[in-house]
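We just call them A, B, C and D in the order they show up, numbering each chain from 1.
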């Protein structure tokens, strides 16, 4: 496979180890505040009881906004350091030391983590504010904010950890928060089941994580970033590939990548702000973060990187196809999320050539996808929580603010210049072509499909004709909800340009962490951009022809086989059910049978056998003294015989 | 002569048991108060013992040694190492909590509740003795004697099938115990052959027993411990006992008393017969992995909450045994740590399930649903306890499970990989249980479920707080345990392996270049 | 008694000169007697005969003890064993029924054959061992007992074995107390007065017996208590013979009596009433159920003579005699 | 005189006593057979005492007699008790030892 050319290039382009990490001092040593603030918020909100019901949402918002403000302060402080002097370790306490395996609860603040911190706290703050309005009528709003804060704290720990094991705490913490939030309306059985499914599927990924950590311990004797990355050079490629694949498994779980993608669509059962924050902007990108963070390992593990590329490519196409067929607006967006994360994975798999673009796309995606989800939430809010797009239509006049911001997000995601998505996605497509034409083509087709399904969403929701339920009275959302929309809309417009060109841009910013490298492209960049744009316009046009030119039926038509398959999530669930759940249930049931009849049965059978034998032998106990006397005499005689036989002469 | 701390630590609950039993009939409240007071007093003494444990000091501390039956070389010999002191701590913490949790339980049966509390204190005294005994026969005696109060606790107070469960429990453990007795005598005979006949563990560990003999003796010990622990396929008594005993009794049984089995593996089976332990390790590791998966799968298939938790314990005991017989430092430290954490989390789970049962009078999962709405605190406590059961970081159980897997991975790759399946299954059985009982629409019969009361909060809160606190600040506990594990493993002759890539070496090479 | 001491003196005299024929003569006389006694014990149908046979064996053994230079034991054997213990046995035999005869029918399946086998096996085994052992001639106890046998024994009992002796003493005391405790019968109801007994006879008994049971043996010739009284119509009054005698089969049947007096009444053909009643398995029935009311005032368990010899086979035998 | 005939006699008496215990149902006769066995054992003891020139054997025989006396007292009391309640002196009737 031509992908192997990455190997040599990757090795050649290997930067001189990671940048040196400095002990934090001054402001930076207060990095722990970033985590502590939302954690405190969560603790107060969850343990505070009913008396905080009225002020709970404010405490929650204050905690996150405070963390954001502090992150900005830290960011500014980092800017005052040299470009290659911006990695700081913030020691907290020694976690434990078992048999020479020492784990310290340290934080690592560097260019990569601060980018995530800003994204998480920034977008997080906006979504918190939005939630004030969205959850206004929910009696458990305080609890909701508590969970959100918990999520933010865990996510920050994830990105700030300086040790894989500490990262894992955050990793599971966000999983827990996601579980709690998906199942927030747990009186709905579907929500409870979706929450459990998300957690369990993530646990499959965690298996990979745990085994990766175990492998690291065997190979490096530690899980701290510093030691692992420093030692990666000397490790066998086989081990590095193993670790890389195991980490990829973990990333697949968290980022809903193939083959562990099935939980994400169900996760839309949660409240929409949750979908925006956790299942679009931040948590699901943790897998990408993990891969990029482990750059030192992947750089030296070509097979693992190939696997990352494959997973990313497959998922980006799968997600896009699923997104085309869903009538549920949130599920369509969820499919899109899968697909976009597929792009990021693909980029991350490209190695130093793609790491920075993966993060770049991750951030812009955080902006516009949060924007889109919140917009969808705003639509639902105005339409009595209706999610079926076939029941929307012509809402642009009813909800102008939502429409405008959604439109900006739409343009960003399909990659129309100069919106944010254009810059990030186009770079990935370029890098993919630089690596392998086939992969590049897939990425390009993905862009076209993206344009198709996003145009479809746009048209079905805001254009075409009214198909509302009779009792629907669409109205614009309150200010507290539209204001975050405007903010995110602005970021969707300016985020791409801003990140790319202000102060050297994100690629330079991340370079000390991720390294940098350029491939020769098979075609000139301009041609590639032009091709991509053509594909995008084509996709949008097809959607326009299919949905704007023809009336949209309220009932979904039967559709072609591909549509049917896409509606069923490309049979992901069916596969899981047939291959894992059914046999699992059968296994469980048969094991219960084996336990009762076999293992326990053997024991009880033995007892019964002894009992039966005793019942037989009991007949020897006639109760007649003379029988017993006879036995005694015979026994005494036998003893005498035995003594005679063994007598020492 | 120094103050006999350990003897006192044993004597206090024993005295408490006697005094509780002596409380006049009918004054059950007083009896309970006496029992609780003594349990707390024991906790105080245990804290004193732990405080005196000197990290970096001798391997066995606070030792006492008095001749008991000198003609046979039997001693009243006590002492704690890191492992013992940790488990003593667990026992002392668990007892007052369990005592408080069982407050109303004993009344549900028609018998006098004071007996129940007296028996609990008796089990505590015996369990502590087992953890600090430094004489093999003393250990054996308490190992067996423990069955008596537990038998009565299960058989007198409990569900409709309690007699069956109690008998099964007794027969299983007695069988293992008798086989162990033969092995104990075998060890004694070996020590007699070597010159000075003695039951003192220090003397016995110094023996050089031939490998062939070691194997037989090891099997004798292991059978008893594997039944107690319990390991597949010797486990079937536990689900019955867990289901039929009162919830707090089940909690104490699987949370604390059964730890004597795994403690015996670490403190006796491995150091006494190091060669045999190494020879049999692969077999036991295989059994442990089967236990993990088997217990988890069966837990998924249960319809009875207490039985379900019983099966989860089998799965968790599988992890503990796995870590022990990986015979690595991390594995064994993880296992010992796991014992503590599993104790806490299982007690929490059983106790909370007990609270649910006391409200609804049913053990069946199907009878519940939507409890979260009327009783959010109950549901929250249940969720946290459950999460610690599925080893979610940073709860304490995570670290121990992780260390076990890591320790196993060092020696037995395949076993570790299969064992990690256990963490997926754990998520499934816990969350499915939570989903079926706590979420979903509220049925009419559950609509006015009471939330946690004051007593119940006092029972649950310290457990959950401990689980979290130990998870976040595990250092001291792990250090103490590591202190005991190190010498144990060096008895076996195991050294911690060096990592394949040593960063310090590399740095040195780099400098040379 | 003087005879015994004389024999003993002679025996011990002879024994001092080892290998003389005196002891052998004594042994060959006494040994068959002892075996005979033992056989008699095992084979005799009546317990009292067995006791007498056993006494014979014991006396033989006592004499052998004398011959074996154990005069003290010999005397103790006679005084304690034959004298006290056997007397106790006889007491109990009398209490339980002196005429009780054992059935020869074995009720436990296979017991007789297996017992014979085991007994023979043990006999062959032990005799083979003892008979084939080449034992040295006895040393004799003269050296061990310089002051005579009794002194030496006293010395040992109150010296080396004093502890065992005391323990045995305690055992004896305990046994005595135990025996008393076992046989002592607590009276749980007040003893009935004569008046009450009389009233009860009227109330629930057969009024015909209100005046008391008829006395036996109106025309007695000898030992008349076993002969039933005759009612005015010439039939025997069955209730006039003590139930104990009836149970033992010692009552005279009516026919025999009728023959004695030369004529028989119209109802005299029914001797069954005087036959031993019931089965051995239901001993209570024997004493009281047979006749109903008349015996009610005899407490059922009051040492009445009865035995388990009243078995079907014996019934038939006795009945056959009667006809 | 050589002890062998005494021992053979003791053996025969012992065996006959055993036969009595096994074959006779009358409790009294069985009991007397036990006494016979004890006596046989005593005979062996006394014989050996003489053979070895050591009267400890006689002491044992003496203790056997005393214990036998105690045993007879208790045993007969039990027989009387049983007879009172069951109207029988047959050992087979006292077969309640089994369930």
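Everything below uses one rule, namely that a contact is a pair of C-beta atoms (placed from the backbone, for glycine too) under 8 Å apart; a residue touches a chain by one contact, two chains touch by 3 or more.
Owing to the predicted nature of the structure, the values given are computational and were not obtained by experimental measurement.
Asker: Quick check: more C-beta contact pairs at A-D or at A-B?
Answerer: A-B
Asker: Which whole number of Å gives the spacing of the CA centres of chain B and chain D?
Answerer: Here the centre of chain D sits 58 Å away from the centre of chain B.
Asker: Could you grab the centroid distance between chain A and chain D? Build each centroid from C-alpha atoms only and quote it in angstrom.
Answerer: 91
Asker: Could you state the distance in Å from the CA-based centre of chain A to that of chain B?
Answerer: That pair's centroid distance is 36 Å.
Asker: Just curious, how far off is chain C from chain B if you go by their C-alpha centres, in Å?
Answerer: Going by mean C-alpha positions, chain B sits 68 Å from chain C.
Asker: Two-or-more-chain contact residues of chain A, please, as numbers and ranges.
Answerer: Residues 622, 624, 626, 630, 633 of chain A touch two or more partner chains.
Asker: Could you list the positions in chain D whose residues touch two or more of the other chains?
Answerer: 18, 22-23, 25, 92
Asker: For chain B, jot down the residues that touch at least 2 other chains.
Answerer: none
Asker: Pairs of chains that touch, anyone?
Answerer: Here the touching pairs of chains are A-B, A-C, A-D, C-D.
Asker: Spell out the residues on chain A that touch chain C in their complex, using ranges where they run on.
Answerer: Against chain C, the touching part of chain A is residues 622, 624, 626-627, 630, 633-634, 636-637, 640-641, 644.
Asker: Taking the complex as given, what residues does chain B use to touch chain A?
Answerer: On the chain B side, the touching residues are 171-172, 232-233, 235-236, 294, 297-298, 300-302, 328-330, 333-334, 337, 370, 372-373, 380, 387, 392-394, 398-399, 402-403, 405-407, 409-410, 416-417, 420-421, 423-424, 426-428, 431-432, 434-435, 438-442, 473-475, 478-479, 481-482, 485-486, 496-503, 506-507.
Asker: If we count contacts the way the header does, which residues on chain A are in touch with chain D in the complex?
Answerer: It is residues 618, 621-626, 628-630, 633 of chain A that touch chain D.
Asker: For the complex, which residues does chain C have touching chain D?
Answerer: That would be residues 15, 18-19, 23-24, 27, 31, 34-35, 38-39, 41-42, 44, 47, 50-51, 54, 57-58, 61, 64-65, 68-70, 72-73, 76-77, 80-81, 84-85, 88-89, 92-93, 95-97, 100, 102-103, 106-108, 111-112, 115-116, 118-119, 122-123, 126-127, 130-131, 133, 135-145, 149, 152-153, 156-157, 161, 164-165, 168, 171-172, 174-176, 178-180, 182-183, 185, 280-281, 283-284, 286-287, 301, 303, 306-308 of chain C.
Asker: Which residues, counting only chain C, touch chain A once they are in their complex?
Answerer: For this pair, the touching residues of chain C are 108, 111, 114-115, 118-119, 121-122, 125-126, 129.
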